[in-house]
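Some structures to go through are shown next.
Next come two complexes, and both contain chain A; in the first it sits with chain B, in the second with chain C.
== the complex of A and B ==
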């Protein structure tokens, strides 16, 4: 009887463990995501300036942007010492988040630098 | 933090100089009446250098990543209570002859 009860409780416990959401320190996660957001915004602005000075037009500039974002993702992963699950809840936070968000600032600074250097 | 910020400022200055050099190059092209087909070599080198510096700065300057695991070394609370000297683990129970072994011995004899 007691053994039966024990096994049942252990069953329930293991079920709880598998159902349980993993516990994170939300404050630190938010701080990490903010850090990533700053990095990406800054790099998209710098990338826009470089693309503008270089004189990229059309599709080349966008390819350049996604190249920079790929390098930035690699750099962020290196900053997290490649143990992403210590600092984030999924790989997407490093690889994908904020890539399209920086595109608008990229285009803005791209056209800005291109105008200053090549047109005026 | 300070070092990364300084790198970023330096990279920005290099980019500004690259922009200035490109403007001058375009002015020169206008004089010799040639078409622009890409920036000169020194500008390309400056751009790559500035980009690398700014990328380093952009990755290093924001706050360091903090661990989100609740049982990692940084998040663990390891301080003991400060009033340990005032905790007493003696109580009056020890003056009673209450252990089971003694009772059994008594019943046998």
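== the complex of A and C ==
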């Protein structure tokens, strides 16, 4: 699911696993976060279209959305080879950030696809 | 859903799809127009200098652990001392900068252009939607909502019997307006994502930006606790080298 994740996220940062003082390159961190944002937005749009075509209604659709976001988090973590602290300063960046940001796009495309396929 | 409305497929072909497509195209057009209208003015030397000072102070703050305590203290004094430190802004000068910023006609012009390129297309599209598509039940959202949402979703049709999940064309326009932001950030790149909302905020606080952020940077540089990382680095290097030797 994380296929669209940018290759930039493989920019390595010099992070200490053993040390208490985190050493991050702010630009790389920013670029990693940006690629996460892109992949989440992309997935919410695609997920919306898929949910619409499959004809989900009501709660099912929202469950589907959060399922997709969970899968995306998993995919992103896998892409970071589960050593999140090499690329990000906290797990929240991968797991939580931007989950709700894509909801509006999701609802829009869900409605759009659903209307085109099922309503008329 | 006992009383499902039957919507004409012509509504889909001539209202729903065109409306969405037009919204996307107008968004793209607006992006390019605002790109064309962006004037590249020569940056003021003083502003650039202040910006660079802030960046240097920030770098010092971020990399404080890599230099010895003495060196850090010397640099901090260089930045923050009250007489001639780089980050120290005299009071009257700060107000001057603000006044000067507002009297600069070029600046005001630029803001105006940005504002116009944002407002004009929106007004036009709204008028267009109102004129051509008023009163259509254009779409149906696939989840139930409470009566409260009627005003929001059925803007333009005054029927209290229609189920709330049906969306009028005018409200579909608003849904598009907010929901397409994600799509734009995908197809137009990151610049556009921040465009609308954040530019508005920037505009509000632009004038006194420089001196204020200088002061903020000075404060945060003042309170930083210095801790030298490199002794630990030596141990780490030793470990690594020993591992290599083995």
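The working rule: the second predicted complex is superposed on the first by the 99 of 120 C-alpha atoms of A that agree within 3 Å, B and C clash if a C-alpha of one lies under 4 Å from a C-alpha of the other, contacts with A are read in each partner's own complex, and residues count from 1 in each chain.
Just so it is clear, a residue touches a chain if its C-beta (ideal position, glycine included) is under 8 Å from a C-beta of that chain, and two chains touch if they have at least 3 such contacts.
Predicted model only: the values in this text are computed from it and were never measured.
If you put the two complexes together on chain A, you find that chain B and chain C both fit without a clash. By the touch criterion defined above, A:50 reaches chain B but does not reach chain C. Using the contact criterion defined above for the overlaid structures, shared-chain residue A:80 touches chain B, although it does not reach chain C. When the shared chain is aligned, chain B comes close enough to touch A:28, but chain C does not.
Using the contact criterion defined above for the overlaid structures, shared-chain residue A:38 touches chain B and also reaches chain C. After overlaying the two complexes on the shared chain, residue contacts for A:115 are found with chain C alone; chain B is out of touch. By the document's definition of touching, of the two partners only chain B reaches A:88; chain C does not.
By the touch criterion defined above, A:104 reaches chain C but does not reach chain B.
Within the superposed three-chain model, A:71 lies in touch with chain B and out of touch with chain C [touch as defined at top]. With the two structures overlaid on their shared chain A, chain B and chain C come no closer than 10 Å at the level of C-alpha atoms. When both complexes are aligned on chain A by C-alpha atoms, chain A residues 23, 26, 34, 38, 42, 55, 116 touch chain B in the first and chain C in the second. Residues of chain A that touch chain C in their complex: 16, 18-19, 21, 23, 26, 34, 37-38, 41-42, 44-45, 52, 55-59, 61-62, 101-102, 104-105, 107-112, 114-116, 119-120. By the touch criterion stated above, chain B contacts chain A in their complex at residues 8, 11, 15, 18-19, 22-23, 26, 36, 38-39, 43-44, 47, 50-51, 54-55, 57-70, 72, 75. By the touch criterion given at the top, residues 7-9, 11-12, 16-17, 20, 62, 65, 139-144, 167, 175-176, 178-183, 185-186, 190, 227, 229, 232, 236 of chain C touch chain A in their complex.
Looking at the complex, you find that chain A touches chain B at residues 23-26, 28-29, 31-32, 34-35, 38-39, 42-43, 46-47, 49-50, 53-55, 68, 71-72, 75-76, 79-80, 86-89, 113, 116-118.
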